[in-house]
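When the chains are written out, they are named A, B, C, D and E in that same order, and each has its own residue count from 1.
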Amino acid sequence: MTADLLFYIFSTFTLACALAMVVHRNAVNAALCFLLALVGVAGLFVLLEAYLLAVLLIFVYAGAVVALFLFIVMLLDVKGGRRSNFTKSTLVAGTGAAALLAVGLLSLHTHGRITATLPAGPGVGASLKGYAYQLFTTYLLPVQIVGFMLLIAMLGVIVLSKRHAGMEDVK
Amino acid sequence: MSPLPFDPLLLAIAAPLAVALAIALGLPKRFSVKLAYVGFALPALLALHCWYYFPADAADGYAFVTQYGTGLSALGISLKLGLNGIALPLFVMAGIVGLAAGLYAIQSGAERLKLYLMLLLIMQGGLMGVFASIDVFFFYFFHELALIPTFIMVGIWGGRDRNYAAMKLTIYLTLGAMLSLAGLIAIYVQSGANSFDLIELRRALGEAPLALSLQKYLFGLLLFGFGILVSLWPFHTWAPLGYGAAPSSVAMMHAGVLKKFGLYGFIQIALPLLPQGAPSWTPLLAWLALGNIVIIGLVTIAQRDLKQMVGYASVMHVGYGLLGVACLSVLGAGGVVLFMVAHGLTVALLFMLTTSIYHRTGTFDMQEMGGLAQKAPVLAAFFLTAMLASIGLPGPGLLNFWGELAIFMAVYAHAGWMVVPAVLGVVISAIYGLRAVGSVFYGQPTENFLAHQQKHPVTDLRWNERIPALILLVTLIALGIWPRSISDPINATLSAFYPAIEAVATRITP
Amino acid sequence: MTPVQNALALLFLPLATALVTALFFRRQPAVGRALSLVAAAGIVLLGGRLIFFTENFTIAAEWLSLGPLTIKLGILVDDLTKLMLFVVAFIGFLIHVFSIGYMKGEAHAARFFGCLSLFMFSMIGLTLADDLIMLFIFWELVGLSSFLLINFYYDRPAAVLASKKAFIVNRIGDFGFLLGIILAYWAFDTITLVDIAARLDTSPDLVATSIALLIFCGAVGKSGQFPLHVWLPDAMEGPTPVSALIHAATMVAAGIFLLCRVGVIMTGDALTVILWTGVVTALFAGVTAFGQRDIKRILAYSTISQLGFMVAAYALGSLVALRNGADQALAGVTAGAAAAMFHLTTHAFFKALLFLGAGSVIHASHHEQDIYRLGGLWKKMPITFATFTLGTLALAGAPFFSGFFSKDAILLLAWQYQPVVFGLLLFGALLTAFYMTRLWSAAFLGAPRSDGAEHAHESPASMTVPLVLLSIGAVLAGYGWFYPSALAVVPTAALALLQGEGHTLVAVAGSAAFVFGAGLGLLFYRPGATGDFLQQRLPALYHVMAERFYIDALYDWYVAKVQQRFAMLLNFLEQILLAGLIVRGFAGLVGLLGLGARALHTGSLNAYVYWFLLGLVILWAGVAGVFNLQ
Amino acid sequence: MTFAVMNPELLRAAAASNHWAAIFPEMALGILALLLLVLELALPKKHHGLIPAVAIFGQIGLLAWLWFNFNSIVIGQETFNGLLHHSLDGQFMRAFFLVSSIFVCLLGTIALAKQKMPRIEFFHIVLVVTAALMLLAQSNHFLLLFVALETVTIGFYILISYFRSNPLSLEAGLKYLIMGGLSSALLLFGIVLLYGVAGNPALPSSSANAMNFDELRAFLAANPGNFLAQIGIIFVLAGVAFKIGAFPFQIWVPDVYQGAPTPVTAFLAVASKAAGFAVLLVLVLRAFAPYAALTVPVLSVLAATTLIFGNLAALTQHNVKRLIGLSGVSHAGFLLLGVVAAVINPAALGAVYFYLAAYLLASFAVFGVMTHLAGENDADQELDHYVGLGRENPFLALVLAIGLGSLAGIPPLAGFMGKLLVFISAFQAQLYPLLALAIIGVVISIYYYFGWIRIVFFETWRAPLLAGETDNRPARTPVAWPAGLALGLLAFTTVLLGFYQGGFGEWLLNR
Amino acid sequence: MNIGLNDYLFLSALLFALGFFGVLLRKNTLVIYMCLELMLVATTLALVAFSRYNGTMDGNVFVFFILTVAAAEVAVGLAIIVALFRRRLTVQVDELNALRN
């Protein structure tokens, strides 16, 4: 029951934060909301016994990604209030889209119920060892690929951001 | 059978293409022109050779059959060449018209002559291939091969409105070609023969014909596909415009030979493979063909532009071919083949001479000419002869007459009263034909023309223009005098596989 | 030389000279003339050999075979052929000779003679044809030669128009002819004349009548029958020898020859139509002749009128035979055919003579053709005058001249058939005498009324000798003994008719018509009158006649106002509606769709995300089974 | 079961199945990519020009290796614990990506020469992306598929924004970033759903290794009509549809194609699209095969709308990069037609591959010419710039005409054979309405392809320049011999494959 | 009622939809990008839930990869956004529409 209660708390918190992020005018605030939402999700991860992932989520997402976002938002100093009011057409389209998404969710919820599920036993995600074994045996290849991916991402960021000698650079 | 140590058909197709390739690879202009002579003459000579050696006993089959794999054997596609009695006359005609068009092109001194000759040679290769292919796929393939240079040449060397004309031509013909292709593929798929080989298809569909409703759909598809390609009314508007704009050699080869693809497709492929599908469409086809003959005939009368007029005339005459096809009989189809040969030679001649006239008058507007016969009597004689041939006057147009006569005979036998408007076309064509001859060559020159003559003295037809004209004219008249030289193979071939069609054919009119 | 070789040599000799002239001697009138004359002489020789030393024969070879259609072309030489050949060869030769003088100094004479040879080829082919198709082929070829010769002066707009008119009007007739051939083939399964006769009874009556009338259409066009006669007077724009040979003696008579050839397929209904066509033509042309002032035009209308007589004669003879219980199979030379061919022959002589005489006059008076601007020529051109007078008498049907006998045979048939027809034809004969007297009196008598006529002098021998020779024929061709035995079958049959019932009455009536007509002519058209009697007294009537009863105007109106406008309308629909509105409109519509599709790329990311949403909706719809059509 | 993965035996087996030799080409590409970076550091600056040559010749060498080891022993096997499935199709796609990569590198040398840009990173990223593409085409497991796909996508983010001094390039990068991110999310959500459903032990044939395609297939076959699985499938399809540019996931195509550097546009248009199709084929033919009742109608609708929309939108386009992008959309429609046909009739696979090959040849011919004609501003390539090319540079004009003709499907060029084969397959699969649309599409496409050719060859009137006005068209770049050779080879092969498919055709159609 | 897989799944879908909605609605590129990240997180939640309830490890491992990929993506994406901002001085998507039509 505690778990259920925690679920409700976390999920409500997460949803509220996510909603705030989506609708908040100010980008900085949105990023902060995102951060909080991530904390909520991490909590849910904990409920699902994926402790490592919860920690990772906080580290990687909240710690690195959102920080980066915040950093950039502040660097660019974008005035959040500059966003114009919703025009009528966007309002209509937005409402329509929201309705569509709601219909989708509803149908997913009604038609997509998974009736037979195992009672929650000990979670497989709890063990750190499991990750290690999997990553270094079965999923060794993806790990290697991800390594290359990070390499090119790094190179890419350098190419896109670094001032190169002899290059005309605007401002 | 041919005593030559090589395959004459393949060579006839490959020679122009090889010359085109050589030119494309950067042969100097001098050699290009010399080689172009070879490229144009060889197919004609080989075609004549095949004609001479065409065995009389190749009645139901093909002569000079050879087969080359191209890598699509899994689909039953291979380059299978051969001639039967229907293909032979058209093959010969393609060679002759190609030669004339080539000679005319060489003397034309067109800008970027090398490119011009190269494209024309590609076209020639395609034309020879269309009629030499037994494989239905290659039949279509060669048609397209010849069609592409047409578009380009109309666009580059065309006359008035060439941009629009080239575009319209391209789109229309692509549509027609795509529909035909769809029909051909459908036949291939449905036949279960797993082969594009016409002989195989014929055998397979002879043993197990397609369902009636399917045949109807497929024939309809081919009807509109081929119909657009041969400028069936009301899908013809590309033709006069395109021919009006096309450079003469292209108009000669397209209107003369390439356009016959559709009619040939009907006779050689659509009718034999879909005999039961045809009768439900033939009334429509016949009515539309009458539209070609009567409506376009009258529209032709209203033309002022000489080249457009010739274009319209060729559209009109195609109506005879379509009407003959609609008869679904040996007589009708045979008449159409004869007519195609005649029409090809005639229309090529007319387009050629039209351009020669233009070079002397500086305009295509018939009301701005006049009296040209005084300065250019030989041109006048040629043009008059060509025009009379095109209106089917026995004499110069004896072959046209034989074709039309056979078609009329068939139309009366299968469509009764429809023969009346069809024959009326003969009168209509006489009206516009003579009007054209009269206003271009007879009477007195207009003031504008006189002014033009001051600047550009008019000369008579030069020899390098006369020779291609003579090639066409002599062939036409010779074939007209002795039509059996081509009608016997036609008759033999058609008699072999048309009884099945005639057996299910119904009258077009009640 | 076998008969076949003989016939082929006869046929191809003129073609060969025409070709040689066209290819090599276009600029050498002398060579062209010589070649043509040699050909004409050759034709006389070869034709003579065929006529006099050869039995009748027929030969054919298969020319085209497609499915059920088998066309055999060949040569048929019978009595009809021989008579026609005789007319063509003999008169043709004389006209060649005449042309030498007439065309002297003409720069393009080589072309003229080349075309004349081409005509001879075509006409001989027509004569020798054994079947409808070959007949049709040469039928068209004579039309072509006629076209080429009418617009010999192709820089004259009138000549060009006339040639075009001739060709197109003939094509209208041939339209029927060709239909007739097609029907005939499917009715009889052959187009060979001899075989048609053998298979006759198989055809049902309506079809037979249609066939007969359709083939008659060809004759209506070529032989200038009402209402397709309009081209013939205009055809006088050609050089006069051409008018004499083609548009008087031979080609226009080909229609009659055709009728006689296909006599076997005629039915009573068809013949009645033919008869009345002939009668109407005869009278109509006779009346119209009064409104003409051009000497050649008057002769042209007279030709039309006489052709009407021949057509009527043909129909009458067959109708009479039918009524007399003859079998429908009228094979051989029937009475009608005999009468028509007989008149054709005599007419060929005197009309060629008249035309050549007119040519001589025109040549001498520096191309003056208006009869009221001539006059006084009897003194200046005695030979021409004499021969022309003989020709006039023959045409007018003066007793004991050739025309009298041939016309008598027709009148007698008419008398036997129906008094009304007889009366009308008799009136036609009277008209003939009447207008010929008008012509003769105005052109030759009195005083010269123009410079041309003033300075006229007799033509050279090359022109007068043919006149004299033809005048002999014009006078004597009515007598049976004039014809050698090889040619005598038709004249004999025709003359035999003259022994028929009522012959005295008819002969008297015929003579009276001549006397009365000539008398009226002399009465109303006094020699030396400067103007036309009718024009002065009844200008309105004269105007109508001069305007040829507005039939030509009607045709012109039709061509300019109906046909041309209809063509323009269709062209408008084609260019504006079909090529413009529909095709371009469709292309424009597709283009608009394209612009619309392009405009959807707004560049806004948010909008693009909506597309993804749309994509999800589409895919989700797939899950919901929207696309499962079955 | 839960701790099965912990079993040392199984782990050892799993480690043993990491058969690195089977992915030699991918590894070699990765090493080559690293080598380029090393060379950049090691070589003096003046010799840096050699590095692209190393990349190109290295890949050519690799291609030769692939040629000789085409029928490798691992064909038909699964390696890396079922992450990879090696097949002849995969070998074909490997060669395909390698060839594209070679041409992209070649075009890159030309395009980069016009910009002041770091070079080596470009080639490095291209090589890594190529390796990832190869793995993508052979993947047999959603995890590998996702990782490889993301590697490709991230590589493309960078490549598209590579001309960073040009805001349009960056804008294109941003658009690709957002749309790509979105599609990745959709794909991922689909994968998750499938994983979750197929891994549900309560359902028949459920699998502990649910992301493996074979296992998934077995599960799907045992559970027809599972709603969540269907939703999962369509989300996966949505992600793939983004890659191939199928309607309505094509909307980013023109913008991104226009902004991206031309060689990258080519890479996107050819390799990325082909990878999408390779994945799609693997998915619908293997993993989702039991759900053909869902995939066939859905893909048919996508094919139909893609065909029509791509052609219509291209009709009035005058920027050649957008034009080629939109035409590429219509090609995706044709290929989708082939894919649908292949679901119904697996023999159609050869047609799709032939089409892809022809598309590669023709596209690179066109992009090669475009690269030569591009000016300083790579995004600004208007049709007007092609006026008079036929006279000024007949070689480029000819190559362009052949390329465009082949794209338009004009005989006797390879593109026509591709279309023909697809049409035949579609006929055999009885997809008649789609065929009708395809025919309409071909006819419409003729208009803009031919319009382009027309501008190149036909003389058209141009307004004379006013005094002081300069021609805004970029100057023509001379064709260096390697590029000339490559373009000539492309054109020649395009023509040759149109006439004579030979062993290639036999191989493709008789596999 | 016990909280089970369905609830996690629904929550995940809700978060996913919310993220999607944000991408649809927002004009600030950075916020849009955050919404994308939210969608990724939403999927990880579902993944972890499935992994937990299905008793297989792969889902959890997958999350590992997703996080890595997301990080790399964010790095590159933000680099692009920053570079673009330096040229255009805006991050609003309605002003970043130079490429259109």
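Convention: a residue touches a chain if its C-beta (ideal position, glycine included) is under 8 Å from a C-beta of that chain, and two chains touch if they have at least 3 such contacts.
The shown structure was predicted, so the numbers you read here are calculated from the model rather than taken from an experiment.
Novice: Within the chain touch network, how many edges lie on the shortest path between chain D and chain E?
Specialist: The distance in steps between these two chains is 1.
Novice: What are the chains that chain B and chain E both touch?
Specialist: Under the touch definition, chain B and chain E have C, D as mutual neighbours.
Novice: From the centre of chain D, which other chain's Cα mean sits the farthest off?
Specialist: C
Novice: Which two chains does the highest number of contacting C-beta pairs join?
Specialist: Top-ranked chain pair by contacting C-beta pairs: A-E.
Novice: Centre of all protein Cα atoms: which chain's centre is nearest to it?
Specialist: Going by the distance between chain centres and the overall C-alpha centre, it is B.
Novice: Could you tell me which chain lies farthest from chain A when each chain's centre is the average position of its Cα atoms?
Specialist: Ranked by distance of C-alpha centres from chain A, the top chain is C.
Novice: Could you put a whole-Å number on the gap between the CA centroids of chain A and chain B?
Specialist: About 69 Å, centre to centre.
Novice: Just curious, how far off is chain E from chain C if you go by their C-alpha centres, in Å?
Specialist: One centre to the other, that is 95 Å.
Novice: Just the number, please: Cα centre separation of chain C and chain D in whole Å.
Specialist: 77
Novice: Between chain A and chain C, tell me the centre distance in angstrom, where each centre is the average of that chain's C-alpha atoms.
Specialist: One centre to the other, that is 100 Å.
Novice: Can you list the residues of chain E that touch 2 or more other chains?
Specialist: 5, 9, 19-20, 23-27, 29, 32-33, 49, 53-59, 61, 65, 69, 72-73, 76, 80-81, 83, 87, 96, 98-100 - these are the residues of chain E that touch more than one other chain.
Novice: Where in chain C do residues touch two or more of the other chains?
Specialist: Within chain C, the residues that touch at least two other chains are 598, 601, 603, 605-606, 609-610, 613, 616, 620.
Novice: Where does chain B touch two or more other chains at once, residue-wise?
Specialist: 171
Novice: Can you give me every chain pair that touches, using the contact definition above?
Specialist: All touching pairs, sorted by chain label, are A-C, A-D, A-E, B-C, B-D, C-D, C-E, D-E.
Novice: Quick one: in the complex, what on chain D touches chain E?
Specialist: Residues of chain D touching chain E: 1-2, 5, 143, 146-147, 150, 153-154, 157-158, 161, 164, 167-168, 170-175, 177-178, 181-182, 184-185, 188-189, 191-193, 195-196, 199-201, 206, 208-211, 254-256, 258-259, 379.
Novice: Residue numbers of chain B touching chain C in their complex, please.
Specialist: 168, 171, 234, 237, 241, 295-296, 298-299, 301-303, 329-331, 334-335, 338, 371, 373-374, 377, 381, 388, 393-395, 398, 401-402, 405-406, 408-410, 412-413, 419-420, 423-424, 426-427, 430-431, 434-435, 438, 441-444, 483-484, 487-488, 490-491, 494-495, 498
Novice: Can you tell me which positions in chain E touch chain D when the two form their complex?
Specialist: 5, 9, 12, 16, 19-20, 23, 29, 32-33, 36, 39-40, 42-43, 46-47, 49-50, 53-59, 61-62, 65-66, 69, 72-73, 76-77, 80-81, 83-84, 87-88, 96, 98-100
Novice: Which of the residues in chain A end up touching chain C in this complex?
Specialist: Going through chain A, the ones touching chain C are 90, 93, 97, 100-101, 104.
Novice: Please output the residues of chain A touching chain D within their complex, sorted ascending.
Specialist: 108, 111-112, 114-118, 121-122, 124, 127, 129-130, 133-134, 136-142, 145-146, 148-149, 151-153, 155-156, 158-160, 164, 166-170
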